[in-house]
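In the part that follows, the structures are each spelled out as structure tokens.
Both of the next two complexes hold chain A, though its partner changes from chain B to chain C.
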Partner chain A sequence: MLASCFFSPPAHALSAPEYEVKAAFLYNFAKFIEWPPGTFHDENSPINLCLTDGSSFRGALEAIQGKTVKGRKIAIRTAGTDGTAACQILFIPSSDMTQVGEILDSVKSRGILTVGEEKGFAQLGGIISFVLIGNKISFEINIDAAKRSGLEISSQLLKLAIIVRDKP
Partner chain B sequence: MRLLRMWYCKRKLSVFSPSALIVVTFLFFAMASVSSAGIQVQTREDTNKLTELSLEELMNVEVVSASKTAEKISETSAAIFVITQDDIRRSGVTSIPEALRMVPGMEVARIDANKWAISARGFNDRFANKLLVLIDGRSVYSPFFSGVFWDAQDTMLEDIDRIEVIRGPGSALWGANAVNGVINIITKNAKETQGGLVTTGFGSEERGFGGVRYGGKIGPAGYYRIYGKYFDRDAYANSQDHNANDGWSSFRSGFRADFGSSRQSSMTLQGDVYSGSADQSIEISSPTPPYQDLVNAETVTSGGNIMASWKHSFSNTSQMKIQSYFDRTERKDILAREDRNTFDVDLQHSFSLNERQKCIWGLGYRVTGDDIRNSYTLGVDPSSRVDNLYSAFIQDEISLIPKILRQTVGLKFEHNDYTGFEVQPTVRLLWTPDTKNTIWAAISRAVRTPSRVESDGIGNNTIVSPGLQGSGDQLAVVKFIGNDTLSSEKLIAYELGYRVQPSRNLFFDLALFYNRYDEIIATTSGTPYAALLPGMPVLVFPYVAANNVSGQSHGLELAADWSVSDWWRLQFAYTYLVMQLDSGDDNPYWEYQAKTGTSPEHQVSLRSGMNLGHNLQLDLWLRYVDGLKRIEVDRYMTMDLRLSWKPEKNVEFAIVGQNLFNPNHYEFGEDISLPTKVQRGVYGKVTWQF
Partner chain C sequence: MRSFQDISIKQKLTSIIMLTSCVVVLLTCLAFVTNDLATFHRSMPREVSILARIIGTNSTAALVFKDRKSAAETLSALSAQPHIVTACIYDKDGNAMARYVRREGKKVLPPLIPEPDGFRFQGDSLHLFRRIVLDREVIGTVYLQYDLKEFWSRGKQYAIIVVLILFAGLTLSFLLSARLQRLISRPILHLADIVRAVSQQKDYSLRAEKFGQDEVGDLIDGFNEMLTQVQDRDARLERHRELLEEQVAIRTTALRKANDELLAEMAEREQTEKALASEKERLTVTLHSIGDGVLVTDLAGRILLLNKVAEELTGWTQEEALNLPLHKVFRIIETATGNFRADLVGDVLTKNDVVSHADASTFIAKDGTELLVVYNSAPIRDKSGDLIGVILAFRDITEKQKVEEELLRSRKLESIGILAGGIAHDFNNFLMAILGNISIAKMMTAPSDKVYQKLEEAEKATLRAKGLTQQLLTFSRGGAPIKKVLSISEIIKDATTFTLAGSNVKGNFEFEDDLWSVEVDEGQMSQVINNLMINACQAMPDGGVVRLQAKNVTVSEEDPSALRPGRYVRISVEDQGSGISEDYLEKIFDPYFTTKENGTGLGLATCYSIVKKHDGLITARSRLQLGTTFYVWLPAVEVADAQYLKNEAEYPLEGKGRVLLMDDEEMIRDVAGEMLMHMGYEVSFAQNGVEAIEMYLKSWEADRPYDAAIMDLTVPGGMGGGEAIRRLIAIDANVKAIVSSGYANDPIMSDYKKCGFAGVVVKPYKTEELGRVLSEVISTTS
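Now for the complex of A and B:
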């Protein structure tokens, strides 16, 4: 069955731990989002990336801490104690889904990019939700939720996403 | 097959206290409330490279996530544990048997430098016969004595994707002899082992070892790899703490080719050849003087196998797999010589009957032929035999309540040349009340077919005892006689399991079981009679194989997995086992042959994996194994330690210390050969990928 075979140099598939890839995605999302006027105090204010849950994701996020997006540095914060008022991006991991309904409701029109990874996060009102397709990461964008939030999402990001709408 | 036991009573005083064990277990659970301090993550450099990728490139990155394994475990209504490649690498083990120690419910005892006694849920013995072992679907279970010759099973450890260990009967799917468990060693697809890999090292017990593997492409959708490996292991210590003459060396080479892995059809072709030699001290008997002798003997093993499998997806809901292999083994031992050829062909089809039912059915045929050269101590009659095995199975998975309650019903029919027709049914239930909890229950029936030796064997063990009052030596022969009318051993197993994931980084897996055994094969004593060896009158004590033992066992297995922080992970395994077997006969040797008392009551394994900064990884593995009362092996506690450093992405240096707590310790008693003491050792290894 193996007729003539030719042997070509091997191709290396890039593989990495899940949380590190998601951290890189978050960094990229920030590049394609415009926050509503008045979100930032001044031109040096950081982009606050808040985590609801401390442990698992924090380590991977440290790699994007301090990176610059459109002149602003990314700062990692915890949403719990400080509340969500100062957040520009709010990441809700799978382990923290118990109060997701209330959280999404309380931030929905305040210019906060809500990102989750649990199945159904976008349908619940989250703006971006990570999905695993096979063993590669993709993402859903709920355009209704995005509109409500006042954020402007670049078409470059939208065209790569799986578009989702609110549950009727 | 043991004929007569002689106990070596050399005890090594163990200098540890059971309270240490309690402290370790307590610390593990007490630390649940401590939050982690931040230590620089080793992964920072890698994540930096990821942030340089565009969104499109990021969407092409293959994610390595434990959730795939976790998903598989949570949906299985059986006591399953998956040893990942990472587990294998970080544990520092140099062989498959050693990796099995981390699995709850498994008993792994190193008899000497080249032999293990491995079983699940009891009946441990070098020739433990209630565990089915497969490598990529090829059975490595030997029908000669119904067990696994672990010294002939190996592969390049870096090429193992995972080892799935299912404790409990896997017979409805895997067939007879998967009575107490199934071990499935699964190697990586050739697509995942591209490029070159060289690994080499040396140490005090691992005298020298090396392996080379290279993988490349074949055409547009094909991948291959070829490998070669070699190792030379030092002897352990004997009862006088001298070199025990049980070293071994082995060479192995093989290949794997995968075609069309991401399409509707895929095909795999793989094969290995190997050759090895292992030493031991072994008791042999002869009909002429000196009648009984302890000799140093070499076992030479060699063989090869080739396997082809084809998978095809007819639709999203219908897949078929056909697999066929040929396996040849040659084993030259002072006790017996075995040449065996096996050919097997298997077909499996899984499909969705409707939206609530998923069915799998299959057919199989296996033929195995052997050629044995007997010795006085052990032989079989007929010395050459061809056996056919026909099998068919069906399994139906029914969603009683979608996503909440699932029932599985399975049945396997087999016809073999020892006991005829065998039926092995199983009923299982899986209940997932929410995303964090899973409860499963199962009732199954499993059988173990008699081995070649139990059915056709003849063994002689001559015992010389000094004569009374200077009348000269008395000679006795304990004679083992096989029985070809034996039935298969039977098991009815009742199992219950509970899995809970209270948070994303904490996972518990509990399994309970109660096993009722019947018709276990041991021996029944016959009337002694007088016979004549050349020039010597002798008294013969015959023991005939019989299904005369029954009993029960029950136990508990707990696995826990805790990511304390993103740089520190703890994995814990606890095993508890109680066995009670009775023989109808008043036979002084049934106990030993029924193998109760060769399994420890408690076992603990605790692994700690830390990703320190600067590309350093530190792994500790603490193990405690209870004593084996009947064969007088002391309990022991020991630790392995591995420190590795990856100065660059494709080079890794590792230094591994093994069995660090005691200079040496016994793990098992005598079987046919003398056990030796497992020694403390250290080795260094470098792995280079290009």
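Now for the complex of A and C:
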């Protein structure tokens, strides 16, 4: 029922501010996530935020391009063909939902924070997925997925999130 | 209030412990409380700050994601902190994102705008702001308001706890100290008790108990040691004392015994002595009480005892006479034989009975004085009747003999007096005739004539004869003086000249000028001077000078003499004779006292009697070998009474008037009549009182009364002047009568005025004397 409610307004119907908020969320998520040791090459290595398709979302992410989190700059990247090896955060927009299984398999246990734009992403094995509750943007966190990826998510963040688990 | 010094050591200790523990507890508590509160005060902001930080940390995500709900949830956890009044989380723009307000209590809202980091105490709360930083970026602020009530309530709690602890501590310390102080105080108090007991009971056997080896223990040891020493010394002393007492007791017993024996002995002896003494005293008293001299000798005639009278009479004392032969002490001459009696004891022993000597014998005393004595001697026998001695009693009869002789002499004198009295009347009448005729003869003769001088001498001799009669009468009967106001100097001169005529004694007169007059009986006063002069002459048998003085003397109240205060003429008669010893001086005025061989013992006695009758005084002062002075004080007459002081010669021998002359003697009538007629009076004669009264009555009735009547006092066998005057007064109350008599010592002569006479004239009298009295009487208006 809840899912139907979330889905009733179509995701493409989101306005530009919605993207900006989600971009801010992405930036803020980085503040509460601890990547496994060895994730970064050195102290100056940026946090790479990878987009599968940057057509519609890229513009919103410009706002956080170059911002620092824990001393590291946010770098917007496009998830290329070379895979997602250099990504720390991977945003999967609604348009890529069809390829979710594949994408998730490729980043499995590689210490990459996967954030899905579409509700249900977390249940599918993604770590964080945005949800819209009322007109307020919230998010879900799959703690099993988080554990699998080797990321440490701050309890602060968990406290705000809707916790979901892998479907059995 | 008692000072701390005075309270008992127990209380002192308790107080000190309590005070100390109390202070310690209090200070400890205060330190703890202060520290706790200070710590609390200091730590509170930090704690609150930590709390704020936790909240901040916990709300970072909420802030970052602007999740108000989550922030509110975070804040709601503060409900577990009851002291947080209010809290608030602000976002980085300062907007309140979440608020927390304590449910209970006053609702307070957090401030709208956050303040910079820090805290402040305001009101009852601590206000704290803390920024929330995430990744070096301030993402918001936390505000907390902390309630300080806890702090204050904690303070109160502490105060109560401190008080409780203090109380508990005090109680505990009191209980503890009350028990523990005994550790110190008990030995000291015990020692004090022992000391008190020792000093009160003087029991040095007491010992203080020792409680420990501390200083008090040492003290107690020292004290006990001291007591032991005292006790030892006492014991030694006691032993000494007991020893001493024992010795004293032994000696006392011995002494007492000796004393008792001595006392018994003494008592016995005393008893004996008392008996003896009383016996002896009885004897002595008896012997001494006897008025006679008593001598006791043994059989050999040696004197054993003299009584007091015997001592006085013999001149020997008991001690001197003891064991002397009787005849040495008791020297007696038999009057009959003139021989010494030698063997008086022998006589008694031979006769073996009382030998009496009633006739006066002459006894010669130790100093040679002769006494007349009578004596008896008798043998003395003891109880068994054996002769053991002789007693001799003798009596001095010298005085008795003398008195008897004096009596005889005075009787002789008396008889002479009686004789004189008897012949005086006639003798005076004869003298009157002689004197009267001489007087008339003188009037008939010119004073320049040799015959006149002879007559004058004859007259003087007659007057002395009159004085002699007077003296005889005075001796025999005394009599009141017939006083006239006179100059004493004339009397002294006349009497002295008369006495000294033909003697080798010279009279030396010293009379004060203006000598006061005296009122004296001329004859008696002459006699006084005479006697004193005779005395003086006899005191100076080899001749000498008698100094006669007369002075005016005033006797005042203060003078101790026997005289009444007033004016006196003092006559002194001073000789240069042998003087009179003091013993005799007291007695010289006594009648019959004399030291002269042929003295009557009446001369000075008469003087004394005469002077006394003149209200005067006679005294004597004498120094042996230097002389004797007699003083005679005679009262001086007042000037007013001096009207009589006129020389007889001043009166005119002429008179006028009718005179009645009564005398039983024709001789007198003739002479007196001639005298009167010669003077110019008309004279009538009467032989006795009856005749005189008849004649007076006749002339009275004829209205030619007599101007004066001269009446003889004594008319043998007829009425005398005494009775006649009473009758005449009955006829004529204004009768002027003169009494005339040869008995100058008749009371009427000296008291004539009381009997009604106007004047007095003593026979024999001269013409001048009669003329004076008569003219006085006639000229006096009654």
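Methods note: the second predicted complex is superposed on the first by the 150 of 168 C-alpha atoms of A that agree within 3 Å, B and C clash if a C-alpha of one lies under 4 Å from a C-alpha of the other, contacts with A are read in each partner's own complex, and residues count from 1 in each chain.
The working rule: contacts are C-beta pairs under 8 Å (C-beta built on N, C-alpha and C of every residue); 3 or more make two chains touch, one makes a residue touch a chain.
Just so it is clear, the model here is predicted, and its values are computed rather than measured.
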| item | value |
| --- | --- |
| Partner chain in contact with A:Val69 - chain B first, chain C second, else both or neither | second |
| Which of chain B and chain C A:Pro93 touches, first, second, both or neither | first |
| Which of chain B and chain C A:Asn44 touches, first, second, both or neither | neither |
| Contacts of A:Ser154 with chain B and chain C, given as first, second, both or neither | second |
| Partner chain(s) touched by A:Phe25 [first = chain B, second = chain C, both, neither] | both |
| Which superposed partner A:Leu132 touches (first chain B, second chain C, both, neither) | first |
| Larger contact residue set on chain A - chain B or chain C | B |
| Common interface residues of chain A - those touching chain B in one complex and chain C in the other | 25, 28, 32, 156-157, 160 |
| Chain C to chain A touching residues, read off their complex | 57-58, 60-62, 64-65, 67, 70, 134-135 |
| Interface residues, chain A side, partner chain C - complex | 25, 28, 31-32, 68-70, 154, 156-157, 159-160 |
| In the complex with chain B, residue positions of chain A that touch it | 2, 5-21, 23-25, 27-28, 32, 53-60, 62-64, 67, 93-95, 132, 135-138, 156-157, 160 |
| For the chain B and chain A complex, residues of the former touching the latter | 35-36, 38, 41, 43-44, 46-48, 50-51, 53-56, 58-65, 67-68, 191-192, 194-195, 215-219, 222, 503-505, 563, 565-567 |
